[in-house]
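What follows is a pair of complexes built around subunit A, which joins subunit B in one and subunit C in the other.
So, the complex of A and B:
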């Protein structure tokens, strides 16, 4: 059995979906009763070019390191030379994304207008990943949208307000198979598949070599007898052509990606599977979550992108960054809910386990939500709060003096830059940056920390969290 | 300061959790009508 597991490769994607933003949980509840607000919302949707050139999106996709971002505000500025395709993946425009959803739709849920289907199919035919896609499904999705809407389907738009298709419910009485739920799940499947296909294509991987796929997506796939039953992992593996893979889902609210990484690495080190993929699609309900704050402050609707991530974990190859399974932090039940105690569990304990100190970490990747998205609605700067807590712990442990807190945050932290796609903003979005820096020798150790809000499900008052150390491979 | 009042407690995951605030409020003699922790991201 291998001595260690490594992260061999990682991909990140975004899909620009301003037309789907009205079906985010908050807009869906707020807009129907307020025509004036609806008008402002539609006027506040961004163009594709604005979304591509938005500096945090370019940092997300690897065009720059987050610490290289200019000072805020980022709205109204453009990243010089911004491209749709970037080192970690791409930002897909919405018409292509509707085509992608049709291409991965195995149950004829999505009906597209003839012109949208034709344009989407044509554009996807020249996409670098076209060989992996069932483009025939896009033209087969062409149908009578008006009739579908009349029979209870959910309208699907191109921004700002053009009906492009309809999403059918799959069962008249099953609330787990309503059109809204299926839109969430199909969007998650499509973004996860896009990320996984970029992983395979951009890194020249053999799909048949991958034995297991773990999804850490947030959406709940199931029916009324098994709400959230799954399995998005195998679903995405199947659509991406991983013929030898089985799969399962890891659920832990926003924290899920890190338990998924730790479990995947453990499976590799235990010799159960030689290669394991961790994948996550985006969270459609979170589109437009804070739009009222954005509009109130004269900003566009900034939560208009879905995300996706995929990474490959294998046995130690002597090159790729190692996952230190002897330096995994976990938020224990006995630790309660105080912020400092949580960070102690996630940052101090795993480092103590290997005789390391907080100063031995070059980059801390915590919850990296873009503050330009969170602050207008009163949620503050999540990343900055986490970094201050870590630095304060370092000061309390006398690793640094109190006067060193700002420098600690500046050197080992970074500005939040991720869209508020919960699980993707929680450390895992930094993983491709970590691979780049650890492989190049620009960093020796990166600690990923994520937290999940269990209390939202009203089954526990607790939160949870996990951390894991990535280390440069000494060969 | 809590005479004739009931307290609604909303905690925040990255700040102070709801049950911790509720414990303090109860210790100060106030009835807690509702307690929850929320996550705003």
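So, the complex of A and C:
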């Protein structure tokens, strides 16, 4: 059995979906009763070019390190030389994304107008990943959208307000199979598949070599007898052509990706599977979540992208960054919910376990929500608050002086740059950057920390969290 | 302040009377602390929630304010929130909450 597991490759994608933003949970509840607000919402949607050149998106996709971002504000500025395709993946335009959803739709849920289907199929035919896609499904999705809408389907738009298709409910009475739920799940499947296909293609990986696929997406796939039955992991593995893979889902609110990484690494080190993929698609309900704050502050609707991530964990190859399974931080039940205790469990304890200090970490990746998105709705700068908490803990432990807090944050932290797709913003979005820093760069150790708000589900008052230490491979 | 929290506070005020309640905030910045304080003293400033137009006039403090700190055993305060006093802008938060507390009906 291998001594250690490594992260061999990772990819990140965004899909620009301003037309789907109206079906985000908040807009869906707010807009129908308010025509004036709807008008402002639609005129506040961004163009594709604006989304591509938005500096945080370019940092997300690897065009620059987050610490290289210019000072805010970022809205109204452009990242020089911004491209749709970037080192970690791409930002896909919405019409192609509708085509991608049709290409991965195995149950004829999505109906597209003829012109949208034709254009989307044509564009995807020249996409670098076209060979992996079932493009025939896109033309087969052409249908009578008007009739579908009349029979209860959900309208699907291209921004700002053009009906491009319809999403059919799968059952007349099952609340787990309504059109809204299926839209969430199909969008999640499509973004997860896009990330996984980039992982395979961009890194020249053999799909048949992968034995297991763990999804850490936020959506719940199921029916009325098992609302969260799953299995998005196998679903995405199947559509991406991982013929030898089984799969399962790991759920833990926003924190899910890090337990998924730890489980995947454990399976590899235990010799159960040689190669394990961790994948997540995007969260459609979170589109437009804080749009009222954005409009109030004269900003565009900034939550107009879905995200996706995929990474490959294998046995130690002597090159790729190692996952230190002897230094996994976990937020214990006995630790309670106070911020200091959580950070102690996630940052101090795992480092103490291997005789390391907080100063031995070059980069901390925590909840990296873009503050330009969170502040206008009163959520503050989440990343900055987390970094100051870690730095304050370092000061209390006498690792640094109190005057060193700002420098600690500047050197080992970074501005939040991720869209508020919670699970992706929670550290995992930094993983491709971490791989670069721990191989071509000068970092020796990166600590990823994630927290999840279990109390939102009204079954536990608790939160949870996990941390993972990645280390340069000494060969 | 989110709508379900407003609903809960309104219900507690109805059940127990405003004279029996104190609101203790844990908001991480001055802006959100100020909005929460305004909501439970003067009513929901966004006019979106159950406390829109409802002046409960509840005494409100932030856990990092001196008054709240003095009411908690020092070792408990230090263990649970002491670190956050090094992280958050305590003076600005206290000022934002005090502004509305001082508007309580006498």
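To be clear about the criterion, the second predicted complex is superposed on the first by the 474 of 475 C-alpha atoms of A that agree within 3 Å, B and C clash if a C-alpha of one lies under 4 Å from a C-alpha of the other, contacts with A are read in each partner's own complex, and residues count from 1 in each chain.
The definition used in the following text is that contacts are C-beta pairs under 8 Å (C-beta built on N, C-alpha and C of every residue); 3 or more make two chains touch, one makes a residue touch a chain.
A quick note: this is a predicted structure, and the numbers were derived from the prediction, not measured.
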Quiz item: Superposed on subunit A, are subunit B and subunit C clashing or fitting side by side?
Solution: clash
Practice problem: Check the residue A:2 against both partner chains and state whether it touches subunit B (first), subunit C (second), both, or neither. | Solution: neither
Quiz item: Looking at the overlay, does A:455 come into contact with subunit B only (first), subunit C only (second), both, or neither?
Solution: first
Quiz item: Now for A:340: first (subunit B), second (subunit C), both, or neither, which partner does it touch?
Solution: second
Exercise. On the superposed three-chain arrangement, identify whether subunit B or subunit C touches more subunit A residues.
Key: B
Exercise. Could you say whether A:241 touches subunit B, subunit C, both of them, or neither, answering first, second, both or neither?
Key: neither
Practice problem: Would you sort A:463 into first (subunit B), second (subunit C), both or neither based on which partner it touches? | Solution: first
Exercise. With the two complexes superposed on chain A, say which partner A:385 touches: subunit B (first), subunit C (second), both, or neither.
Key: both
Exercise. Check the residue A:395 against both partner chains and state whether it touches subunit B (first), subunit C (second), both, or neither.
Key: second
Exercise. Look at A:422 in the shared chain and tell me whether it touches subunit B only, subunit C only, both, or neither; answer first, second, both or neither.
Key: first
Quiz item: Which holds for A:155: it touches subunit B only (first), subunit C only (second), both, or neither?
Solution: neither
Quiz item: After superposition on chain A, which segment of subunit C among 7-15, 61-69, 79-87 or 97-105 overlaps with subunit B?
Solution: 7-15
Quiz item: What part of subunit A is shared between its subunit B contacts and its subunit C contacts?
Solution: 336, 338-339, 378-379, 385
Quiz item: Any idea which subunit C residues touch subunit A in the complex?
Solution: 28-29, 31-32, 35, 79-84, 86-88
Exercise. Going by the contact rule at the top, pick out the subunit A residues touching subunit B in the complex.
Key: 253-254, 336-339, 367, 369, 374, 377-379, 382, 385-386, 420, 422, 425, 451, 453, 455-456, 461, 463
Quiz prompt | Of all residues in subunit B, those that touch subunit A in their complex | solution = 11, 13-20, 36-41
Quiz item: In the complex of these two chains, what residues of subunit A are touching subunit C?
Solution: 336, 338-340, 343, 378-380, 385, 388-389, 392-393, 395-396, 402, 405
